[in-house]
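Heads up, there are several structures right after this.
In the two assemblies presented below, subunit A is common to both, partnered first by subunit B and then by subunit C.
Now for the complex of A and B:
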């Protein structure tokens, strides 16, 4: 082990079953020291259980939890150098802000806590609230107390269990930046559990997308977004247009046919399981914002070498910075296109015949042997918790 | 609308409140006033003239202070017993799933629902069949029994509303099982436990029916008052009653002041 990996969190073969229900399938996961790591998934995907196993609040059925080189699997939570920010904050209602923050220090027998508590209050910008009780604070303030209460112990790892779930949208955005700032400032490993894909992508260096107790894919946010390995990831992170197609010509540049339309995509952007040989069935994926719309009358003006599909605008909704179109096309019944509102073409109204075109480089390929709807809103496993 | 009617309409709530208050306090005031009486005969039922005799010699009546001391002791021990047992039962009922949990949950309410005289008679039967010596211990056991349901009810409500994550948070913040209980669980459950304890003390101290059945030759304060009411009521009974009333009011006031000043402190920036 080198110095840099001394504080990594390593989960090896870790799993959790409750009776006949498997919450987490055997899982291998390494979180590098000092990183901001997000476990992303819908409720019931096993992300919180995984977090609780790292905290020691849940005993794994199989497997080992390593903190650095140390096996902590059998240590109770109060003996692990790990602290948690709970979903409902779990601030002690009978103690004021100062005593809440000092709780961990006091339990470890540290008498002079004032200086450290003051530093923490400053870090989370709550200096004026030291003597308030938790119920006298707003949601955002409580959340910051919860963060300070955990961070003051200088844990090796800070675990955050949907810490922003109870805040309204504006405050959530603000706290995301705040948490990111704090993480950069203190340099502690953060493991953040969330069902909000935007939150995960904004904050984390590395995101692990979980589904049904397994990690579907792990990587940097941009990488996950651009090169999803499964339809679940493609649909759960943002929106994807998936088009069923068959390979015509293999090679580094694959040519496929989808209901007559010829499309190109780089072999390098196909997931490993995608059949790229001639005759293979695959799903061609393209993000809605990569597609440009042209009125059918202007089809001739579209540059050569771009993927193109014809269709008709079924619906359009104006949302300020962009306009979202739903296109009815012979290759795919509902294609989504997001167009920036820079120069609006007045002819692009529902019913208009259009040509969709995009750079083939922006196309990704997935194995067709999986549900196209996995990870979409309303499909099994993605509902919000009640 | 005429002026008096309008005045009545505006102040009706205050008037109703004052009448209710008078209704509650009047008996206490009568007890208090008559503690300064100097009755002519053995009965302290008619006002004669003011005197401090009874206050100067509160234990002047034979056996009364013994019975008072006994009642206070029984009340104290019954409170301790019922509070400890009741708190543990409440935690068990809320935190764990076990066989007969539902049955115990409803059995706990039985002493509250059953007529006291029935309970008293059946307890006596039980004690006699067991060949138990009636006295201090049988009274104590009986008192703990009926106080238990009140403690369980009060503590259960509190524990049920407690977020289990608070204890997880404590364990996460380096508190072992004992520390977690002492530092987090107990302080949060404390108002419920205190309410149960206060109720227990009050119920035990003035219980007459169950005590009378199971006391044997032992005499508690309520039994003494009852007994002396047949033969004449010494003024000292009013003295004790007044003192109890004043102590209770002072305790309530002190608690109120304490929580007020705490709130003020915590509101300071």
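Now for the complex of A and C:
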């Protein structure tokens, strides 16, 4: 079924409304053939609905779904060259592993399935379990059967609906790498729905961050992480320190002031809607791992040309590879700093006066006209409907 | 400093014995049911078994003489009624399945918020006595009644009469009337287990089948129906077993030509007062049903009945 040319998935103006609730706002999305694409967002953001519309399990209210050049919007699921790995797997409990995997082939009238099933069992490393029933398998094994059952059909697109959600952390990490390996091996387009930002970034070439039924930003994981366009993306993908500031000097290097502290940031790292003329308000963002901590006594040793903020350590937690500090500063009430545990300064304990400093290149700018809390845990922004 | 105290080797730790009282709990829970079954099932069975091998008469009293000939004689004389019973019960079971499956499917998957209402409607007939409901069918199927009139006008009765299910322009006192009565009376016993096993099927399995190129019809054949087998098996058993021993429907809706084995047993016990024959007939019926059910369950290959 794999088509080598023009196998992109294209959604044009696709939307879904349930009564007065809009699950997905009109959406334009192109997933290039052979890519590993992730739809990332909190629960209720419309990512699963979008996936189900591609699978044909949900009828879009408006818009068209193209697979390659073919309009499949009105095709029932069983006529679409796509297969889904369901959340909780939906394996057929009355069939053994072999028959589960062979299900799709048999429905298409293929009689001799043994060779293909064996190959697939090998790919997912389940050769010894061919005759087990699903309930005799562990969660990870069931998950692999679900992947094999979908992949054996060589679909044009493989849809994965939070397939790792039910697994424990260690197994999840292992399956992430395994899925990535399989995707590279078979070269099929994978569209992966997840609420786990780390999972999306680990596995996907391209991530679309969804919020309230809209795609907030789309790009390569590193791009999204380094250059978020909205506070939602900045907060949902990792952690961001956001500081309200006013532009002092515009130019290719913008100087801003925030509660007396002067900070610099490159104009190229400001999102398009950010006002960069002088007097404009913006949000200055910096990732916690980009910031270095120095004890106030060592302030003089900090090299010139770095952004610096003073504060006091409010809390610190040791988590092995790093130590996470919460800093109280007049500029921003709760700044987060992640310091690698390479050389630990014994003076950096709660209560200590410190200077935070970082390379201005690592600073990004966002429009101040949006909620600073969007995308943080428990914020209303993640569940926003309208 | 927090320290870990060294644990003594396992062998020195005294093993805690589970309390005897706790071990006895399952038996206490079984007791009421066991006593009930003993008094009202096991003892009467033994009594009937002994009756079936007795000889004598009402005047002189009955004696256990191990007269197994009664079984053979009873079977030889009444085998047409046995065959008829199994045929009627079997037909009624098939009809119940044909009528009940779509309804159970509807309740399980399509009824939405009407689910409970429809379920109550299924059980509603139980609010009236079995006897009254069957008597009502006598009125419904009465000669010259609207049902017979419609069937006659549509020439349905010509076909059924040709098949031997009805006679002329009558429905009452024909095999069709008895089978209809049986079907009606046992339909809920088919629907409820079917519904229970259909309702337990994860709706995502239907989606998964569709996603894997199965048309809705194939999805039903390969996923839904196999997964509902426990319901099909228990539903057919709950219909077939009581229907094969039923006598009320044949008594009220049939004539002497539609007598089932239940009617024979009833009249042997209560009218002819030939207790050994009646008891032997009961045991023969039980044996036939047991054998059929065992073969059926083996063939259906169901491990767990709902």
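Rule of thumb we're sticking to: the second predicted complex is superposed on the first by the 375 of 386 C-alpha atoms of A that agree within 3 Å, B and C clash if a C-alpha of one lies under 4 Å from a C-alpha of the other, contacts with A are read in each partner's own complex, and residues count from 1 in each chain.
Simple rule for what comes next: contacts are C-beta pairs under 8 Å (C-beta built on N, C-alpha and C of every residue); 3 or more make two chains touch, one makes a residue touch a chain.
Please read these numbers as outputs of a predicted model, since none were measured by experiment.
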Three-chain arrangement built on subunit A, subunit B and subunit C clash or fit: clash
Touching partner for A:320 - first (subunit B), second (subunit C), both, neither: neither
Touched partner set for A:132, first subunit B, second subunit C, both or neither: first
Partner chain in contact with A:55 - subunit B first, subunit C second, else both or neither: both
Which superposed partner A:19 touches (first subunit B, second subunit C, both, neither): neither
Which partner, subunit B or subunit C, touches more subunit A residues: B
Which superposed partner A:77 touches (first subunit B, second subunit C, both, neither): both
Partner chain in contact with A:92 - subunit B first, subunit C second, else both or neither: both
Contact residues of subunit A, present in both the subunit B and the subunit C interface: 55-57, 76-79, 82-84, 86, 88, 90-94, 103-104, 107-108, 149-150, 153
Complex interface listing, subunit C residues touching subunit A: 202, 204-205, 207-215, 218, 222-223, 226-227
For the subunit A and subunit B complex, residues of the former touching the latter: 55-57, 76-79, 82-84, 86-88, 90-94, 96, 103-104, 107-108, 128-129, 131-133, 136, 149-150, 153
Subunit C partner contacts - residues on subunit A that touch it in the complex: 55-57, 76-79, 82-84, 86, 88, 90-94, 103-104, 107-108, 149-150, 153
In the complex, subunit B residues that touch subunit A: 163, 165-166, 168-176, 179, 183-184, 187-188, 190, 265-269
